[in-house]
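Structures incoming, each one as structure tokens.
Common to both upcoming complexes is chain A, partnered first by chain B, then by chain C.
For the complex of A and B:
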């Protein structure tokens, strides 16, 4: 946030200037924007309350009779607000955001982090999908149980991730973030598998 | 729930620019109201006709032109907004659009001697609405909220905004039609809840699911089809009727524009009647031959079932995206004239397991909601806020023609995304970014939006440049792109090449042209007004000269009146309305004492009358 108000020039530390009430340029850190500390475990109900409250203050509709510069800030602030809410309300995108802010490279991962037990699952799934493509309708019977297994794995990862979130909250140890990162990679792999079984189901 | 200021001079109007009909509305005290035209009609048919000479004809008057001069008249132009000729091949088979060469990125419609783009035709409709509002409100109207189908893409939205600008309107906001309808309904309704809005208009279908939260209308998801509407039903009926006529008469009339438009009007009348009656007749006469066919509702429903069914898939997808089940939906709102069809209503009822709202006129509810949004922007409606979403994902084309999505569909707008680009070869000084909209994996299957050319990059080895690009979708659903050099932090120039639509320069030229015409139109109206007033006063003077009061004037007074009347007679055919006005004023002045005496005489005789 800038040091002095763009409109009246007095020192500002809040979203709106205390003297002239003009909206200031927004903070770009998602947690800072909501007035929160960087955290993995987050009260989503509280976040939603903050989101609605800030929307009532910042939406461009409320600035249509203000100077052009303030309209720009309202547009910018609302975009950050919506981006931040969308990112932080979902645990997976929130975790990715925290990792990025903590300096982790979160670029797309290959298959190298896939646990060995999954490789066999993937092999079986590929077989079933191949048979299905060749017109063997019996292979479909294998898809539903496979999907259920994947869903169970995803739920297990989600539970483990919640534990990692809490562990990081307790001590801010970087090693806990490594755990989160590994969990995110596995989770992504599994959601891809679920999507593939669904596609095979839909395409016939 | 909200307060209102009286007669704010800065009033903003709400406009529903529809495929079939257009409406204008504004806030009156605490309620939105549709403003009727001078003919008393609340809906202006979205039909424009260009006569060989004189002003364009818009609305009901143009309806007759559709039959008399089909080559000069256009309807359903909304279907062409923001599209190129390749997009509208289906439309061309069914609508009598005559398209000029060079319509790849903007369609050019041939109307008589002139060629107009869809935004220019829409601007003529907007102008008519604006004039209606100005006449009714007695003040200039310059600011507006215009509604668009929720499923409109960036180019279609830009085209709508361009139309507003060409019509001389400052378009403060584009609002999605279903969301506007929810605003109109939500005025004094529940504080919390989930609403589904099913909007089957003339040419487009939208479904939106919203959550209400103490005055905040938060759109959870939207879906739709910009090629589906009542027009499709009309075209289906028309096609069958044409075949039927051909087999009965042994003559195919489908090549006669006049016959087709007459038959089209007849099937639309039958369609509308079938919403209230169990059977209706299509009556058609042409060149002395008569065709008459009875249609039962059952037959009608069989003919349109697949069209109605096509709306259900988007509804299911929308519920899935909003993460709600039919049981969680508290209210269903119907919008658009086509929702009067009983079969549509029952399909909606079955799908959402709720009886839909029909208290508000489905033709007017969008315009009413636009007026509420106009009130929000003007500051007269408080404590209500719309949080809408972008209907389509925004992506950039990466290698192999694959799309990398940067803003996902159903994201609350304004929304933004940042991407960093670099150069691929040594010394490269510009980077081209292709932006698309849509859900498909390959860029060629998505809607091309624009190419952004990042220019003026300092030459350096490949991969060293860092250009940070920010993509921002504003509250209108329109994309803005800015870029800066990641090393210097300096703003980077971005040249936009829109794939579809008009460039800023083209819009500016059209605004210029329309201002010229506006001045001509204004002069013509002033002249006509002055002549009407001149006729009135000359008739009154001639009549007064036969009154007994005339003889009570002095010779000089009588001479002055006669002179002034003669001068007005001479000025009458002058092209400058001010010259006519000056003579009217002069005649008014010299007939003043005559008028007074006539009044006294009238009063005296009236008084005498009462004493008898």
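For the complex of A and C:
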């Protein structure tokens, strides 16, 4: 957020200038935008309330009689608002966002970032799934129970991730973020398995 | 995404899909993964212990078309090479051969990692097995 109001020049620290009430350029950090500190364990109900409040305050229609520059800020703010809300309300995309902010580059990971036993496990699960998919009717009948097992694994990861969120909140230890990174990786593998059971249904 | 003809060819007719006996001393196994995509790739080689030439290469990949094509191509290239020659295969060779777009370069990296992991596993097995007699004095010194 800029230090002085673009319109009247006084010092500003809020979304709107205290003196001339002009809308200021939006913060691009999603937490800062919502007036929140960076956190993983987020009260989603509170976030939703903030989202609806800001949607009303920032609606571009409210700025139609304002200077062009302020109209642009309103458009920009609405875009950030939607991105920020979509990213932060979902625990997985929120965790990816926080990891990126904290300097964990998820996209640059390789084999060394996955425990070998997870690769073995996922490989075996994929082999078993492929056998069911390519098997006879009896085998394919086991696809639905397999999907439910994968969903249960995903739910377990989500529960563990919530615990890691809270643990990071308590002490901001980097090791807790590394736990989250590991959980997100495992989750990706499991959700791929779920997607593959669905592919099998489509091709039937 | 538009895949190149070569990717499609390997994807539709993957070469050398399957597995080799993991417990054999002549077989090296590499299991690698790209966590961001949720891909997992297993690549195995069977090496002639006398000539040091890779006689057989097998793979199984669960991932996108580019990951499957990269590992399929890798097994084709591995056969007939010595272990040292195989280590010279670079992911950029795979990128060029398959015309992979920038977003799929990591699939070729995965295949290169798999080759290195399989060779590393083979060499670890060999060094454990063969020079048992030569190792004993060295260990005594240490």
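Just so we're on the same page, the second predicted complex is superposed on the first by the 173 of 204 C-alpha atoms of A that agree within 3 Å, B and C clash if a C-alpha of one lies under 4 Å from a C-alpha of the other, contacts with A are read in each partner's own complex, and residues count from 1 in each chain.
In this section, contacts are C-beta pairs under 8 Å (C-beta built on N, C-alpha and C of every residue); 3 or more make two chains touch, one makes a residue touch a chain.
Note that the structure is a prediction, hence the values are computed from the model and not measured.
S.K.: For A:55 in the superposed arrangement: first (chain B), second (chain C), both or neither?
M.R.: In the superposition, A:55 touches chain B alone.
S.K.: Just checking: does A:126 make contact with chain B only, chain C only, both, or neither of them? Give me first, second, both or neither.
M.R.: A:126: touches chain C, not chain B.
S.K.: Once chain A of both complexes is superposed, is A:86 in touch with chain B (first), chain C (second), both, or neither?
M.R.: Only chain B is touched by A:86; chain C is not.
S.K.: After the superposition on A, what does A:189 contact: first (chain B), second (chain C), both or neither?
M.R.: second
S.K.: So in the superposed three-chain picture, is A:65 touching just chain B, just chain C, both, or none of them (first/second/both/neither)?
M.R.: The answer is first: A:65 touches chain B but not chain C.
S.K.: I'd like to know which partner A:78 touches here: chain B for first, chain C for second, both or neither.
M.R.: first
S.K.: Between chain B and chain C, whom does A:145 touch in the aligned arrangement: first, second, both, or neither?
M.R.: A:145: touches no partner chain.
S.K.: Which residues, counting only chain A, touch chain C once they are in their complex?
M.R.: So the residues of chain A in touch with chain C come to 106-107, 109-111, 113-114, 116, 118-120, 122-123, 126-127, 185, 188-189, 191-192, 196.
S.K.: Which residues of chain A touch chain B in their complex?
M.R.: The contact residues of chain A facing chain B are 52, 55-56, 59-62, 64-65, 75-76, 78-80, 82-83, 85-86.
S.K.: Contact residues on chain C for chain A in the complex?
M.R.: 31-38, 40, 42, 60, 62, 109-110, 113, 117
S.K.: Which chain B residues qualify as touching chain A in the complex?
M.R.: Where chain B meets chain A, its residues are 10, 172-173, 213-214, 216, 373, 376-379, 385-387, 411-417, 472, 474-475.
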